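One chain, subunit A, links the two complexes that follow: it is found with subunit B in the first and with subunit C in the second.
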Partner chain A sequence: MALRSDQSQERMHGREGSPWTGLWAVVAKEMADHLTGMRMRILEILIVLTAIGTVYAATQNLRETVGQDPFILLRLFTTAREPLPAFVGFLGFLVPLIAIALAFDSVNGEFSRRTMSRVLAQPIYRDALLLGKFLAGIFTLALVLATIWLLIMGAGMIGLGVPPSGEEVARSLWFLLATIFYGGIWLAVAMLFSIIFRQPATAALASIAAWLFFTVFWGILAGVLAPILQPVRYGFPEEIIAQAQTELTLTRLSPNTLYTEVMIALLQPTVRSVGLVLPIQLHGAVLGTPLPLSQSVLLVWPQLTGLIAATILLFALGYVLFQRQEIRA
Partner chain B sequence: MKHITKYTIAIIVILTMLAAVPQLALAQTGTEEEKPAFEVGELALTTTFPNQTVEMGENVSIDLKLRTSTEPQTVQLAVNDLPEGWEASFRGGAKVISAAYVEPGTDTNITLRLEPSDTVKAGTYRFLVTAKSSRATATLPLEITVQEKLPPSLTLTVDLPTLRGKPNTTFRYNATLKNEGDENLAVNLVADAPPGFIVTFKMTGQEVTSVPLDANQSKSLSIEARAYPDLAAGSYPITVRAEGGEASATLNLTAEVTGESDLTVTAPDGRLSGTAYAGSETPLKVIIRNNGSAPARAITLSSSEPAGWSVDFVPKEIDEIPAGQQAEVTAKIRPSDKALAGDYMVTVRAQPTDGTTKSADFRITVLTSTLWGVVGVVLIAVAVGVVAVAVLRFGRR
Partner chain C sequence: MGELVVETHDLTKKYGDLVAVDRLNLHVRQGEVFGVLGPNGSGKTTTILMLLGLTEPTSGNVRVLGLDPARQPLSVKARVGYMPDEVGFYDELSARVNLIYITKLNGLPRAEAYQRIEEALARMGLQDVADQPVRTFSRGMRRRLGVAEVLLKRPQLVILDEPTQGLDPEGAREFLNIIRNLKQDGITVLLSSHLLHQVQAICDRVGLFHRGRMVLEGSVPELAQKVLAGAYHVWLQVEGPEERIREALRQLPGARDVMREDHNRYRVVASEDLRAEAASVVVQAGGRLLGLGVETPSLDDIYARYFEEVHHGAAV
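Presenting the complex of A and B:
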């Protein structure tokens, strides 16, 4: 809306026509590239195998252990069976991997193939090119994840013989949305690095380094930083709580933490809090009762909006950098 | 010589005296024989109990004695003036006799047997027994009073005819049932109680409806009346009848039922749940119903809620709820600011001054405010705005 209304500002920068021009052409072309690419096929096979394996294991486990559960299909996602982790555990690192694979050479690949100036010679704005590439990545990711979602729900219905309830479907769809935006962050990060670095390998390495940092090291770092920022001097309970709160806040800077919290709240309806819970808050509570979906969503709303906003902001950063780049060089 | 004379005189006196003693004794013996214990003369007819009372239909046997002091003689026996319907016969030595032989010094025992027929009515009957020999005649008037039999009669008595209790108590009356007649009876027990009572009879712990009762026997009986719990307060008469043959006895009992209030805590639609937002006050309608039979007075409302919550009742106290009525109270529930979303239990109690406290658990679903949700949306809007600004600022051909 703002884009269209301020015609005068656009004229000031000498732009003619809409920045959306050619967007969908870019999206279509990019998606075609992604979906026919060998790289994507490998990743798809990997994730489908993972899904089948974990869901089969989960089905076996649920059949043996669970008698009655109103959210039994949701437990397909979260039930682990040794030696396999739960499906969501795999998603936690497979989704960033797919996202990075989709985007690490999106911009600098065009440069190295010397196709960037050719593309921009068409009546397509840079805005449309970048947004189109990003949207194509998101859509591809969404397509893959939606396929897996359908696969899991179908396998669950066959394996467990239970039709999904409306709430289960709604919860798993919210979870799907969160997963897509979790992938969106890494997509934006990879795209950012592909704008910054001219070598695709460097961009890929930087993306994977960032991913590793947040997946493995950030949790350790938060544990080290929290006592420095919020030291426990006298051992009061308040100090200990404050330190734990600080550590939690620090770990929440990592998209992995945000995604894990969203996943727990959405897929386990009995979870009432993803943060610190004092015993006094549970006094008189009827434990083990599921929260309504709206309350579960509200519980992780900051995390969810955080994921979405981070995706958009990272894209905005990449956009600004891309717009300032010299193309003809 | 003088001495000898003296001794001689003494000896003579002693001898004289010694000679006189047997004569004295003889004289005394002679007097007894002349005067025996009773002088009957020629002939006497006696009996020990000339007046007797017998029950109707009963045969009478009267022992008679014949005696003579003079000569042995044969005595003819007869009953003169035999009232109508009576038969008389004399028996002696297990035989029916009409005459007896009497010797002096020996009593002759005869039994007079009087047999009334069925037509003989109650009353006094006189008989004159005549003994007649060749030398003398003796008569003996007898009087037999015929009494009607005691009619069969029952009495039923109770120590405490009026008992007082709550509707759920058992009214237990300890009664005594007595057969005052002469017949053995099978007594049926019947109770006539107002609706709302169940009356049972117990004897030595067993429930009975019919009691065999021998003549003049008495048995203790426990009459138990159980009221229905929702019986209104009041005084209820219970009539107990014992019927055996033609006899019957009635006993009037009273059960005074005092009322009792019985409160129930519930919600208008019976759904004991509600929702409330963390940190904000939510009204919850609570119904206090009195299902008892007496009004509940001065009902105080209280609650136990999770820590950090507040529950206020409006009104805090109800003056009175009549029996069968209900009152509505608003509980203002304010969950703690830091309450987590989810279900919590809040117990609401109603305590009347004169009854037991009743409570109900309300399940309160705490919802968290959507304020932070709006903040999240604003955050996304800001991010989109940043993109828009970037597009406007850096957008170029």
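Presenting the complex of A and C:
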């Protein structure tokens, strides 16, 4: 009996100490690298210019309607004025770009600089190194996005002369959170490729290819696949609806779709559904009235958790691969 | 000699069908410089990675400083300094910032860390370049920075993988002096190298590796005794009657073999240093002695001879 408990104890404490020893040292070092690096500075300039351009255009447009719309500050994010698209449209592809730029050489870069074996010879586990790098990426992303969020809110107040309401702030903060995790997915994808491929350039290309696939081709592919999976044989309305549902489900496998739906529901309070709506389901609804924040969040709760879950899943996959990787070059 | 710092028992590592390390029994004692020597691909680096717990052994046991690196990697890595071959740093950061990162990973308190960094930089002669980015460093400077990093831990054991590879002769000599100084401080050193002649002088004991197995182990004279049979090769340059000189040399007590290598160059293989005796008998035999010397056996000779025998054995 005593022997047995010894064994189980040994199994439970297979490794000494916490796997997170040294985690914050890694986070601090990686964040310092990100924030002082040239790569990050270029992206920051790009995103700030975009924010200034689109928000300026939006304020010009919105000036006329100040006072009529209770959510005028949220419109700053979504209002487009030819030829510029809305700021959220830019975010949809700028955020993946930043995330990929932050992580595509995070692991293989340590190998090619020959620092990996030296760092892992310090009293830390691999867990701390990988999670530290990921957290540093997320924090950097959050820092950049929060800065832009503040800039836009500030510019909006000055440009439109309206203070933000509590609900506007809350909605845009939820939106900020969703944007960070949308970036988190691409961060995890780029990190995964940086573990799989030994060449940083290959990892960068693979990440960009994955992003292009989901941004451009997945929507087209879903349109092709849906009729195959759910053919309309007799032309019944049920069949047509089923096909449309299948197509929608397929497109939701793309993080871009999830993010777009979250964005629409959070920034446009009048939106009551992000899926298919039949006229019968709208019976009794007062169209054009905004939903309370809790209902909007509830509407896209699956999408929001989907974004977070995908981030965690991709990170876990990279984690397993990294643990099994040989340190030898 | 004190207790064992490194101890392995039938340590084996396989990569698929390839046996990288085959039933290795390695013993390194406190305070000695042990050389793990052998050609590239003979299992040296794999052995080192297993000692640090960076690679899991397929079978067998390892003890480093009495700890198991697979189960207690943090304790082992906190006490053992490791410098990989082709040591790399974050090139855009300064030497000092690179070292600060390492002290943070080791969890050293700030004041203590800064003091150790200054000490290590001063000891390696890098104080003047401490704030320059590492990309401006020469290969020799990088190696010294690698040692400075290793010293930050105040290690009990230092493992150096190919420390002199790629250094010019001056740099290599300088580096060997650094290793001697580590030994004087009572630090046990385990180093790997395929440049046998360079490390011969500083290793107390060596282990020769071949295809994952340690085929020979001991001090250099011991190995010479074992492999070259007679450890001393006395050469003489003599003018005179060949037959009488040969005969005189052959009569020497302790001489095993006498060869005429050249027109008037002879070689006596003996179990001891026979220079004085050989000189006197050659002169008595009527020869004119022009030159005389003894060749100390080098590790290269031992290694080459050993594998000649192995291959002969295999061929037969």
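Here is the rule we use: the second predicted complex is superposed on the first by the 311 of 329 C-alpha atoms of A that agree within 3 Å, B and C clash if a C-alpha of one lies under 4 Å from a C-alpha of the other, contacts with A are read in each partner's own complex, and residues count from 1 in each chain.
Please note the rule applied: a contact is a pair of C-beta atoms (placed from the backbone, for glycine too) under 8 Å apart; a residue touches a chain by one contact, two chains touch by 3 or more.
Only a predicted model underlies this, so the values are computations on that prediction, with no experimental measurement involved.
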{"item": "Simultaneous placement of subunit C and subunit B on subunit A, clash or fit", "value": "fit"}
{"item": "Which superposed partner A:114 touches (first subunit B, second subunit C, both, neither)", "value": "second"}
{"item": "Subunit B versus subunit C as contact partner of A:320, first or second or both or neither", "value": "first"}
{"item": "Of subunit C and subunit B, partner touching more subunit A residues", "value": "B"}
{"item": "Subunit B versus subunit C as contact partner of A:22, first or second or both or neither", "value": "second"}
{"item": "Partner chain in contact with A:283 - subunit B first, subunit C second, else both or neither", "value": "first"}
{"item": "First, second, both or neither for A:122, with subunit B first and subunit C second", "value": "second"}
{"item": "Touching partner for A:229 - first (subunit B), second (subunit C), both, neither", "value": "neither"}
{"item": "Subunit B and subunit C, minimum CA distance [Å, superposed model]", "value": "5"}
{"item": "Subunit B and subunit C footprints on subunit A, overlapping residues", "value": "14-16, 125"}
{"item": "Residue numbers on subunit B that touch subunit A, as the complex places them", "value": "304-309, 336, 338-346, 363, 365, 367-368, 370, 372-373, 375-377, 379-380, 382-388, 390-397"}
{"item": "Residues of subunit C defined as touching subunit A within the complex", "value": "45-46, 49, 52, 54-55, 71-75, 77-78, 80-84, 86-91, 101-102, 104-107, 146, 149"}
{"item": "Residue ranges of subunit A in contact with subunit C within the complex", "value": "14-17, 21-22, 25-26, 28-29, 33, 113-115, 117-125, 326-328"}
{"item": "Complex contacts: residues of subunit A adjacent to subunit B", "value": "2-3, 6, 9-10, 13-16, 19, 125-127, 272-273, 277-278, 280-286, 289, 291-292, 294-295, 298-299, 301-302, 304-306, 308-309, 312-313, 315-316, 319-320, 323-324"}
